[in-house]
């Protein structure tokens, strides 16, 4: 069975919500819709306080090259445009909508029939994806339409669909593949058309045998789509690692996947693409896994963007007394949240609650040079060294140690027997070195 | 609800810790310790207890009164140094020499650099080599296995006892009398040859090595490169002239070769970080060992070889970095 | 022992009064000595010649005054002057031939005057400065709502989240400024969790100013008898959210701007700022501030009816 070759770790999977079918989350009373839910420049609001909006109404426009549109996930009146805490840990601009009823834009096709025939042309598909504000739903939230615009001189010969979901606990992609498999595969076909390629490979880790079997039987009806079980190893869902695992090509350092003729999209994104292109439905809801060993009812919830996570936790049985940490995303790469009124955004793949005893990091000890971080790094870096350089602010050497290649997967810190904050310092290094490089570019 | 915690990802941690690793190495050494107790009896017990107790005590005292830091003896690394030091000396070594060895190992070899993780040389080997140079007679007086199980404990090495209860090590014989005509491989494997506490039984050491490989405490690179290069080099000499050079199997099974390659060269703190660097380190150790055994003044060279290679680790780390992902030379 | 001594003596005796047998040996010995002296002497002469030429070739002609200036400088290499180290500053001063635009914050005007004397130049009059921490979000003023669990690095915590109190501009209290300070002049107060600058030790080199990821620390006039008035807040949020996170936040009400008779206070982004060039330390703004965000240091206590900032803020 295939996997990527370098590094990787095996955290306990804990996929406790794997058997919980997707449930529809009730519409919140108030939706907090951030204007910056994607990688790149935040979108500019096009509505004002007091405006009436429907589900699917454009709220904010992504104007720069890397940006995405934001649509309303609820119908009602715009209460205010203000700063509100989001998953970044800071307050960001949000459009706050007071919910009245559930009235959708007429253009959205709400019928349950699955539309298989792709009528739109390639540029129309990309335009529709852009209009619908679709971004990568795996967590990186890179605008999908930008990914689909292949630069001149490059050719995409294979589309890779990421159904790996290597993060422990998270199960939203798993459930999407199981329950919305056919729609997802139509989405894949649409993406193939947009990319001018006739080959698509779906990589799924072997801990989801039901999804593999289901999609394999469905894929027989789709030309060019093949399903590939992969060995279980974190971080297989990282773009470069998935490319290495599926087609054994190494994306050169500092380059994008298209350099080796591949484009990677998440399985959840494929579903969103289907809904946007075939049903004209903008991206305003997504499946969020609400999980944690201490939760009464771990669940996979189809949630409107802007719903405060506190309401999701209530749906999953309430936040337990002894909770020590709430994480947006998985335990390896997720962000720890500071409060429960932070809203779900396009990149929220899961909400994970850790009990207090699992929330504290082990005590940091001296590095014993065991080289476990070096062995675990999927990018072939020397985390112990980079972290040390960054902690001592030796930025030039930090840059030379290829800190910018770090994908922040956390494998190094996970395995470190001395529990050193390796990734924390590497992040500082990445930020500072990134700033230095950008300033250099300006001069 | 209790107060929420905020930290950077990852939010979960693997189950390995420094103390677990050190404890694992200690457990891996258990077969060798048991074999030494079986063959050398109370003499071995005495050396073991004194070495462990004094190593732990010295680390505690130095940490408390000189470095003025937290007590670090709980991570089992001082215990490990003690065990390794004991396994590297003959069972008849006088008690005060063991203590001196422990003081040098912990004080000079480890704490003078700032404690665990910062030392350049393997502490136990620093202690051992110090003893070897300072007390060459006692350090090369090898009590015979089985014969001396209890008598040494009470009497120590007496001049009158010397001939009756001590015997040469296979390597000593090799150095003094040339190639042994019919080496007794079975006894080398099982442990009934002369030697330091821990180097007598190849099987016990191999079991420990496999345990550590299984628990991912060590990787295969260093032991394999060490033993492989030693076997290769000694094999070349043996093929050239079997009458004056011993065969590779003899070299692998005797002396501290296995103990050194599996337990001492793989010491995390004093070995290189990258895979390529570890292989270079292992090859250097293996080659130096054989060169010292053949041409050196001492019959045994593992300790010196490892210490010499320890000194090269910073250089190796600089020269051999892991291969970067995506650092592929594109061909067409 | 006697045997050894007598043996040595015998040798020495034989050496000075040669007998036939020892004569030979002596000649050999003499030859050895001769060889050694000649060969080593030759090597040393050759080495001396090589060294001489190398020294000539790589000779750096350096203005001797650089050394003089370098001697006067404190040698802390703090970088507060804007140069890489003390010697770089010395080189720059000597090269420029003037003291204008140069200042050694660590040494102060004493050092600059001495350099002026040594070089025969006029030193600029510099007003003593000091680092000022513009945040009063102590553990009681800005109560922690979450608990940080990570490395003691403000740079990292700043990238992670707003802070334990929720104030996105406030001090994180993890001591990047302490690490940056080479003069041991700044420390984190155990009780408040905020950095405290020592009036005596701070030389205003600006290292902490650069180290703080939130630009909380500023170099201001030290003031006569260390008297200073400043807005101890850098929060740019609107009044209500700012006040929610911290009891002594500047809420941008602008009362201080109106009361200031010297136009020293400006209000931008919901935040008041006192210009230390214009401020005459009249103390009017201090009692005017409704949240107690304006701090006065080293003044005699004001009229008794004035309540402490913390208490007034919690009303």
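Annotations for the structure displayed:
By written order: A, B and C. Residues from 1 in each chain.
FYI, a contact is a pair of C-beta atoms (placed from the backbone, for glycine too) under 8 Å apart; a residue touches a chain by one contact, two chains touch by 3 or more.
Predicted, not measured: the structure shown is a model, and the values here were computed from it.
The chain with its Cα centre farthest from the Cα centre of chain A is B. When the C-beta contacts at B-C and at A-B are tallied, the pair with the greater total is A-B. Here the spacing of chain A and chain C, counted between their Cα centres, is 44 Å.
Centroids built from CA atoms put chain B at 49 Å from chain A.
With touch defined as above, residues shared between interfaces to two or more other chains in chain C number as follows: 145-146, 149-150, 156, 160-161. Within chain B, contacts with two or more other chains are made by residues 4-8. Chain A has residues 89, 336, 338-339, 359-361, 421, 424, 427 in contact with two or more other chains.
On chain B, the positions that touch chain A within their shared complex are 1-2, 4-14, 16-18, 20-21, 75, 115-118, 219, 268-275, 278, 321-328, 330.
Taken together, the chain A residues at the contact with chain B in this complex read 6, 9, 11-12, 89, 168, 240, 244, 250-255, 319, 321-327, 329, 331-339, 352, 354, 356, 358-362, 365-372, 374-375, 377-382, 384-385, 402, 405, 408, 410, 413-419, 421, 423-424, 427. On the side of chain B, the complex with chain C involves touching residues 3-8.
Chain C contributes residues 144-150, 156, 160-161, 164 to its touches with chain B in the complex.
Of all residues in chain C, those touching chain A in their complex are 145-146, 149-151, 153, 155-156, 159-162, 166, 168, 237, 241.
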